[in-house]
Structures are given as structure tokens and as C-alpha cells.
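Order of writing sets the chain letters: A, B, C, D and E. Residues in each chain are counted from 1.
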Amino acid sequence: MSSSNLQLEAPLDPAFKVERRTATGRGDLLEVSMGPQHPSTHGVFRMDVVLDGERVTKLKPVFGYLHRNHEKIAENTTYLGSMPYTDRLDYFCSLTNNWAYALTVEKLAGLQPPERAEYIRVITAEFTRLQNHVCLIGFLLQDMGASGTPLMYAFREREAILDLFESLTGARMMCNYMRFGGCRVDLPSGWLDQASKVVDRFPRFLDEFDRLISGNEILAARTQGVGVLPRELAVSASVTGPVLRASGVNYDIRKVDKYGIYDRFSFRVPLGDHGDVYDRYMVRVLEMHESLAILKSALRDIPPGPIMDPKAKLRSFKPKAGEAYGRIESAKGELGFYVISDGSANPYRYRVRPPSLINLTVLEDMCVGHTVADAVIILGSIDIVLGEVDR
Amino acid sequence: MMPYLLLSSLLFSAGLAAALLRRNAILVLVGIELMLNAANLNFVVFWKFGPNPESMAPALFVLFSIAIAAAEAGVGLALILALHKHFKSTNVDDMNLLKG
Amino acid sequence: MIEWADQIFVLLKREILLLVPVALQPLASILLSVGPIMGVFATLFAATTVLERKGLGRIQNRLGPNRVGPFGLLQPLADGIKAIIKEDVVPYRTDRVLHTLAPILIMVAALLAYSVLPLGRNMVALDLDAGVLFFFAAGATTELAIFMAGWSSRNKYALLGAMRAIAQMISYEIPLILSTVGVLMAAGTLSTTGIVEAQSGYSGLFPNWYVLTPWGFAGFFLFLIAATAEANRSPFDLPEGESELVAGYFTEYSGFKFAMFFFGEYLGLFAANALAITLFLGGWNAPLQILDWVPSYLWFFAKLLFLIGLSIWVRGTTPRLRADQLMNFAWKFMLPMSLVNILASGLWRFTGDGVLGWLVCGSLVAGSYYALGLNLAPKNAVTKRIYRFAT
Amino acid sequence: MSFDLAILALLIGVSAIAAITLRDLVHCVLCLAVTFASLAAVYLRLGAEFLAFSQVLVYVGAVAILALFVVLLTRTGEPRAESRFSPQVMIPLAVCAFVFTGLAAAAWSSSLKDSPEAVGASMKLKDVGRELMTSYVLPLEVLGLLLTAALIGAAILAKADDGEDDEVTDLGESQGQQQRPMVATTHSDPKHD
Amino acid sequence: MLGTGLIKGMAETARNFVGSFLEEDRLTTVEYPEERIPAKEAARSFPFLVFDGDDAEKGLRCVACQICEKECPPQCIFILKDTAKKPDFVGKMQFQPKVFDIDVSVCMSCQICVEVCPFEAIKMDVDFELSRFDRFEGLLIHKDELSKPNSYFRKIHPTDAAAVDANLAAEKAKAEAKAVADAAAKAKAASAAAAGLAAPAKPAAAAPPPPPTPADPILKSASSSTAGPGLAETGSGKTHAPAHGS
């Protein structure tokens, strides 16, 4: 990734130094270990926080409780065998994980998915983004203590999308759908109509959510100016995804790499100017609107045809020796896979670039100086999934 | 009225004992509060058993006393906090410097 | 007949008392007052838990509990049995005496308040000259109970929760008491029955309730907000905010003690709502003169259910405030607002309840509401944010 | 002396003694709250309703809570062992005993000793209010002023050190300071010291 | 003004409260044990083994080739080959599994075994209610429990099953045709060769063993009852036409 990919409005300040807010060292400090069993750490994640009263003076993220050795397992199974494991990285977005991995291996093996498969990939990926953002917003508001209402509305919409996934791939979350050189099965009959119906109905939910919460004074008070991530820090910590864009950096891999067929769709990339929790929330809401636009045109334009590259084969798949890095814009940021092949049936080296983990590295910088309650929503606004952080 | 007066004497002496014996500033304050309460009790008792129970003056005295005690406790505890910040202790024996 | 239906419980008590030997009559009288109060409000508590869960469920587009009994109506019974038979886990280092005393004290304090609440015409357990003051004095002791619970648990979350709870309760006690001052001035008494009687009668179509005056209207909402904060209900539920502090001061409680906390909390809520009814909503009085024939206690409970429903509705809608915002709201909005309200109620006395009174007091209250809202605004109100889009 | 008064007196005596002798400061303050509440009950018994409720509201609801807060905020590790029965202690104790006997003797010799209880007398709230607003209006105003002053003073005192050791320290440097164990919650186990 | 957002939000929750009684699509909850969402056709839970006919032992399509065992990412399949062979649906002698275990506590329902199986022998079930009292032995599912008839497969995945049946039928037809041709060629060769010398070898090598006859009626009935008429046509037509050739 060259830095020219980043589209900044103004050049980064070379003299920028990460300035850590510090709290006063006065009074008794309280060390609280939040997690691994804590209602709002989104899984088995631990934050060792040092509190001065309610203010966070120090925060140490501790992860690894969900480490499942994904990368080493992948090096010891066939290429196809790690496809279902990628489902379990970010278990909200199994389809985009599939895509990122398939993209990498296709690069390695020189496969080209047919056009229909590319369309299916875009459609499923955008649906995945929708349901991920919907859930994230629900969780974020749940962390703010909204006693479940936004979360339940979010899950109501997610249900419709998961139904689509189930009728296409057979599973609601662990889809295991994409294959090197295409997709596993073709769309069942009537699927496109059903999908269009979901897309048409979705704005109703967005409006409802907007009325319910976007104008809420408490939400504004809780999120505006909280957990500001400066642009320079975001870039130098290689934060990606909505978190980066909320800080005002125009960097969306769908635009930068134009992988798949994203260059055929016209969509906009929302950017925030403040980089606080509210911006991260709003950028996601606006991204959902853009995703809907992509979905609409993709569902309209999808051509008939085969869904697998005829060169692709399932069994005894051995790409020629070489290396490849494939990346996509997943709902959480840049999801990359780096695979080295030595010509055998197993990858020689396999590595995931998980957006959740890398976005999590700036957690302390965002949290210090804020209260515990803020730390919880800042963590929520980063959008982490522990399956991906710990791998 | 004798039991009441004995009770208030007991309260007063207990408060005095706390103020004199305990070395913790908070407990000294607790003792002072006890003594104040003993005085309040006396006011009420003398109003009830005194020659003119129709007068509201004792009640008002007690009322004022309660209010002032609240103020006193607030300021006293704030003082203790400030001292604790400085001396890192609430033991009155440690506060042996005139200069802060 | 109407008279008889209205006074049936009073007459019943008198009849039963006559059967008891004279020496035991005071004791029997106490029992006959306390027993029904505890029974009725325990039942109301049970009903409210179902109502709340079903109401919240419907607000969230869920069904709510519907497994135990018809429509899930026996759910509280199941919950109660579960709470009783559950193991009472007491952490090793707790201060056992205080740990056990705290839930009892919280219940006692909540129940004490009921002794001065008039549940119907002539239906008050203890008609004190300073009834309102008694109510607040009883309420003040819950703070002690909460402190005992939080401190004796030896748990950092519990301690933080207790500290938050106490700070919150002390801060909101001031507007809570000040918002009643207008009513006390207008009624000229602190006796709860006296206040209700001052609101009986009708002027034209409308009843003489204090809520139907500008200062009473503002006072009613100030009281409700402060009472919500006192009862630690959403959006002021941060002492037990589960996303931050697990369960706040009752983190280390389980089984029956936990149920007692729960019970005590709801009793506090009912008591505060009942006082709001007494002070502002005309107590047992019927809203329309032609509905006067309905027994008074039915009106009281109808109003109580209405307020409970309101608090469930609010709970289903709002996120939670942060601790410092909560304090800001108390000191920068609630306190000045209630002071202005006292002034308005004083002016009302001189301007009378004609057009002039409405104009003067109404504009005073509305103006200060607007101004104080603006005062909170620079930090808290939604600043209309513009989002840029990159294409 | 009736039965209920005996119970109240016992409660007040025991809790007052406990409040000044217990080791754990939190227990002391909680016992103090019990004393205050029982005193309120005594006021109630004497027909001073208003005073009783004010007592509970102010002492139990505010002063005791405030004291508890301060206890928590000023905890610095294990409470130091106080030698309670050294010879040095005997002098203050004697002073207290002397004061008690003096007070008791004074009460005993009072001319009002056998005066009857004014049965009907009770503090009507209306009368209290009228007195407050007429003959005692000046003290009331002064009291208001005093309370305001106390409020401001307490706030300033509690924040007093702010300007001085409020140095903005980098987190890396201040680590040594921060590794101080959390003291507000570490509880000294009474059994072990 | 302060509070407008809150009031808007409360109006929204009130709308949802009322809407949950009036609008069907708001309530997504399904009261599970009594009310079930019909399984989607593509739905999958855990693998099972398909057998033709009504004899699980005889009709089992699995030939113990162990590809699925090798490809299974979490390695939850355990296969032990039987030494004896048995004829498969085209009549070729094949191995069969002596032991075929799937540990469903390990299985992650990825469907890779289904995809790699060249014999259409393993398919995904839709039954998800697998709770057992023993979580180790109980969740290790053995061959007899795993084997389910083709009719069941048709019931749960009709489209898939139709395609599979068509495939198999085509393959079988091809095999039959080949066998007939082979037999003819063999006969010709045999008649051309000396009559007495090769006589004992002939029946074993040339004559294909009879196909699993009991399968046919079941196949017919299942296909005509559960699947649509088109399916029945393809199923019965293609499966049976050459079946009795020998």
C-alpha cells in the first residue's frame, strides 16, 4: 500500500506528535479490570483501566482470549479448507471474509471469476456491510444504555438480510459461500426479487432509526466530542474503514483498488470532520445509504451466466509458487490476506490483516481523559469483533 | 425528664471522649456532632417539660442548630479532605505543622 | 351506595377493629394498615415487572414473556420462585452484616414512605402534619442502604456504582424537594391529605389540580425527572448501568437479596410516582366531575399505572446519560428551573389564575426553560453536522 | 420511663459508644447514623415531628453520607493501630466521666426535674413557619447566608490543591505513581490486624 | 429546544409499540417449539450419508474413498474401510465403509465434504435438534444413524436431489450402455475365441450383477409424491429406462 492511495484534503502535518491526553495524577487511582467477562467488551476482551475517580488515566487492551490459531491452522490445511475458517474471523461478515480470501488466492492462482459471480459477490458484500453497520449501531446504543430498543430494531432488519443469506448459502452467519474462481452455488430462483424487497424496505428502518435516536439530545451529548481520533494519528496508526473516514481521510479500498467490479458502480464515500464517536456513528449511517444505492444498481444489472471460472477446481487445488496480498474494504476496514504458495496443496505462509485489531490499537489514545462510560462507547464505536482481533 | 437528660449527658460525654481520645480527624468530627446532638436533645426536652411549651423558640433553636451543624460538617469534612491531600493522613497527630 | 363503595375499605377496617379487644386495637390498627399496603404494592410490583417486560417487548417489536401462565402473567411467580431457591452467594471478604442489612434497609426505607401516601379518600396510614417531609426523610435513608451495599461487597464495580448512586441521589434530592415547594405554598400545608383536599373541586370543566397551572406543570415534570433519577431508572440508571458497571452496587448480590433490591427499587419508584400524584395530579380526585362516582382509590391506582407506563415508555426510548452530564443537568438545569418555578408559583398567588397569571407565570416558566436549555446547548445540543462525500 | 424510651435509650447509648470505639471508620459512621435516627425517634416521641424529620433528612441523609464519602476518599492503607488503653488515655477518660457526672448532677438538681410532660404540646408546622417568618426572619436570612458561604467554602476547600500538583505528566513518566495499589477499596480485614 | 429529540424518539417507540400489534412484518419473533420457520432449501446443519433403496447397508452410496475425511477442515470424519466389496449403483464393485463416524461437536457445517464427494454420497441435513445427554459419545454419530434414504434427501433438498438423481441416472445410463457394449464386444470376442477355454471367466467379468431392484419402486414413489411432476419424470424416466436391460 503506497501512501498515495490516501486522499487527504490537506497534507499531513510532519510535526504531528501523538499527544496523549493525561489525567491529573491526583487522588487515589482505581485499577479496574473490565473484562474478559464484562457486558460491554464485545466478547472476551479485557481493558485494564486505571481510573482517577471516573476518568480513565490509563488503558491497556488485553486480547487473545479467543485466539484459535487461525493462521497456523490455515498453513496446515488445504486452500479450500481454510475457507470455512475465514467465516469465523469476523463472524458478522463471513461473506466479505470469504471474498477477501478468495480474492487473494485467485491472484495467486490466476483465476478470474465470471461476471455473474462478481455481481453476486458485490451484492452479498454490500448486504454484509448493511447488516454489520446495523448491528454495530445497535450495539453502540446498547452500550450507551438504551435498554435494547435500537438493538432490537437493528436485529429486526438484520433478520431479513440473514434470511437472504440463508436461502442463498444455507447458513445465516457461517456462509462459506465463495470459492476460488467464483461462487459455490447460483442464486436460487426468486432470490433477486426477495433481495430487492429487502433493499426497498431498508430505508424505512433508517428513517425510523433516525427519528428514534439521531436527534436525541442524550446521544449527542454522549457522543459528540468524545473519543476524538485525530487525522494524523489515524493515518499513522494505519487505522482503516469507517473509523478512518470519520476522521476525515478519504480512503476506501473499493475506490482505491477497484477490486471486483466496484468501478462500475457510482457511490460516494462519506467523510466526517471531527473524528469523534458521533462521526463514526453517522459515517456508518451514511455508508448504509450508499450501500443501498450500490445494491439497487447491482440487483438491476446482474447478468445471467456461469458462476465459476472453468479453470477452477475444487480438489487437489495447487496454485503455482508465489505470493499474493489481497484486500477488500470490509465493513470494519481493510481486510487483507497474505498468502505464500510453495506449489503444494497447503499455503506456505498465511497471514490475515484484521481491521479490528489494527483499529483497536488506538483505543487508549482515544479513551484517556474520558470517563469509563465513554471508554465503553469508544470501544463500541471502533467496531471490533473478537474473532477477528484474536484470530 | 430525667432519662432524657441522662441520655443527653451520655451523648455529650461520648462525643467528648471521641473528640479527646480518637486520633482520626473524622472521628473527632463525629464526636463534635454527637455533642451537638446532645445539646439539641436538651433543647427539645426542656421545651417539652419546661414552663411554656407553647413557645416555638426551642424548636427554632434546634432547627438552626441542625442547619448550622450541616454547614459545619460540610466545611469540616472539606477541611479534612484538604488536609488529607496535604498530609496524606487523617490522623490529627500528623498535622503538626503550622505551615502547609 | 357510591359513598359506601368509596369508603368500603375504611369501613371494613373499622368493623374489624371493633372485633379486637381494646388493648390490642392500636396494634391491630397498625397491622390493618400496613398489611394491605404491603400486599397491594407487592402485587403491583409483580404486575409491573410483567407490564414492563411485555411493554418493553412490544416497544422493541418483540413478544415479551409469554410462557408462564396465560399471556405470561405468572412470570413474576416464576421469577420469585427462582429468586428464592437460588443460592445466595456471598463473596468471601464481604462485610457480612452490612451485606445482609443493605437490602432489608432499602426495602424498609421504601415501605416507610407509603405510610403517608393517601391511597384514597380517608385511606392514609398516617396523616402526619409534616407528611411530605416525612416522605423525603424516609427516602434519604435509601442512600445509606445503597452505600452499605456497595461498600460491603468489596467489589470495585459495586463501589463505583454506589458512589454514583449516592452522588446522583443527593444531587437530585434538591430539585426533588424544591419542585414540591410551589405545591406546599399553594396548599399551605405539608400534610399529604391536606394537599389532595386542596386540589379537590372543579373550576369549569377542569379539576383544580396543580398540574393544570403553569408552575404546577413545570413542577410536575421536574418532580418526575428528579424522581426518576432518585429511583435510578433509565435514562438515569447509571449507578447500575450494565454496560459500564455490570450491575452497579448490587453486582455481588444474588438470589433473594437481589430480588429484595429489585423490589425496593420498584417500591421507591411507586412511592415517588404516588407522591407526584398526590402533589400534582389531585391524588384520589376524579379528573371530571361526572366521573366522581368511581371510587377514589381506583382513580389513584389508575393514575399510578399511567405514570408507571410513562416511565416504562421513557425507559424504552432513551440512552443513558454520563455521570458528569447527569450532574450538570441536576445543577445547571434542574436546580435553577425549580427555583424559577418557586418564583412562578409565588407570582401565581398574586396574579390569580386568570389570563394574567397564565401569561406571567407561563412565560416565566417557558422562558427560563428555553434559556436553561440553551445554556446546556453549547455542549449538549445537536449541532447540525455536515458530512462531506468523496466520489 | 416507658418501654419504648428504654429501647431508644439503649439504641442511642450503644450506637454512640460503638460510633466512637469501633475500629473501622465506615462502621463508626454507620453507627453514628443509627444514633441520629434513634434521636429522631426520640424527637418524634416528644412531639417534635418537624424536628425529627429534619434530623433524619439532614443528619442521616446528608451528614452521615458526607462523612462516609470522606472516609472513603481519605483511606490510606491500613488504619494505624491506636492504643486505646494506654495510661495516657486515662486522663481524657476521667475528664469525660467527670463531665458526665457533672451534667447528670446538674440535671438531678434541676428545679424542672419533676415537672410534668406537657402532654398536648406539639410543634405545629404552621406555628414554626410563622415564627420563622416573623420574629426569626433575620436569623433565617443569616443562616441562609451562612449555608451559602459554607457551600462555597467547602467546594473551594475540597478543590484547594488543584493549581499546585496538577502537573500534566506524561503517562509513561507517571507510571510509578500509578502503580500504587488502589487503596479506596482494599479493605483492612478486621480479623487480621 | 431541549427535549424535542426525546419527544420524537418517544413518538417513534409509541409507533412501534402500536405497530407491533398491527403490522405483521414488525414482529419477527417466531415462537419456536410450536411454530417453526420452514427450513430454507439451501439450509444445512450436519452431514448425513445417502443410500438408495431401503437397505442402508446395501444401498449406501459411500465407497469409503476417504476424500471427505481428508478434506474436512476440522477433521471430524472418521472412516474405516471394509475389506469386502459390494456393488455400487452402476454395478461396479466398490469398497464400503466399515465405520463412518462424524463428530458433530467438532463439525462446523461447512459443507466441504459434500462438495468434494465424487459419489454424491454425503449430503447436508437440516435437522438441528441434536441435543444429547452425553456430549462426547452422544455427539459422535455412527454410520447407522448417519445413513438416510434418498427419499429423505429429496424431501429436504428437492432441487439438489433432482439434479443429483439426474446426474446419477445419466452416469448409470452411460455405464449400462458401456456394459452392454462391453458385453457385446466380449461376447463377440469370446465367440471368436476358442469356446472351451475362457468359459469359466465369462460370467464374473462380463455379466453385470443385477442392480438393486428394491430401490426402484421406492424411488418412483418418493419422486412422484414429494417432488413435482417434472422431477418425477426425470427421476423415473432416466433411472428406470435402461435398468432392466440385462
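Everything below uses one rule, namely that a residue touches a chain if its C-beta (ideal position, glycine included) is under 8 Å from a C-beta of that chain, and two chains touch if they have at least 3 such contacts.
As the structure is a computational prediction, the values presented were derived from the model and not from experiment.
The set of chains touching chain A and also touching chain D is given as C. The chain with its CA mean position farthest from that of chain E is B. Among the chain pairings, B-D comes first (most C-beta pairs in contact).
In terms of their C-alpha centroids, the spacing between chain B and chain C amounts to 34 Å. Computed from the mean C-alpha positions, the centre of chain B lies at a distance of 7 Å from the centre of chain D. Rounded to whole angstrom, the centroid-to-centroid distance between chain C and chain E, based on C-alpha atoms, equals 63 Å. Note: centroid distance chain A to chain E, computed from Cα atoms, is 36 Å.
With touch defined as above, residues shared between interfaces to two or more other chains in chain D number as follows: 50, 54, 62, 69, 73, 161, 182, 184-185.
Multi-chain contact residues of chain B (touching two or more other chains) are listed as 85. In chain E, the residues that touch at least two other chains are 2-3, 5-6, 9, 12-13, 16, 26, 28. By the touch rule above, chain C contacts chain E in their complex via residues 55, 58-63, 66, 313-314, 316-318, 333, 369-370, 372-373, 376-377, 381-382. Against chain D, the residues of chain B that register as touching in their complex are 1-18, 20-24, 26-27, 29-31, 33-34, 37, 40-41, 44-51, 53-54, 56-57, 59-60, 62-64, 66-75, 77-82, 84-86, 88-91. Within the complex formed with chain C, the chain E residues making contact are 1-3, 5-6, 9-10, 12-14, 16-17, 19-21, 26-29, 31.
Interface of chain E with chain A (complex): residues 2-6, 8-9, 11-13, 16, 26, 28, 40-44, 67, 71-73, 108-112, 115-116, 124, 159. Interface residues of chain C, counted against chain A in their complex, comprise 56, 59-62, 156-157, 160, 164, 234-235, 237-238, 241-246, 315-325, 379-383, 385-391.
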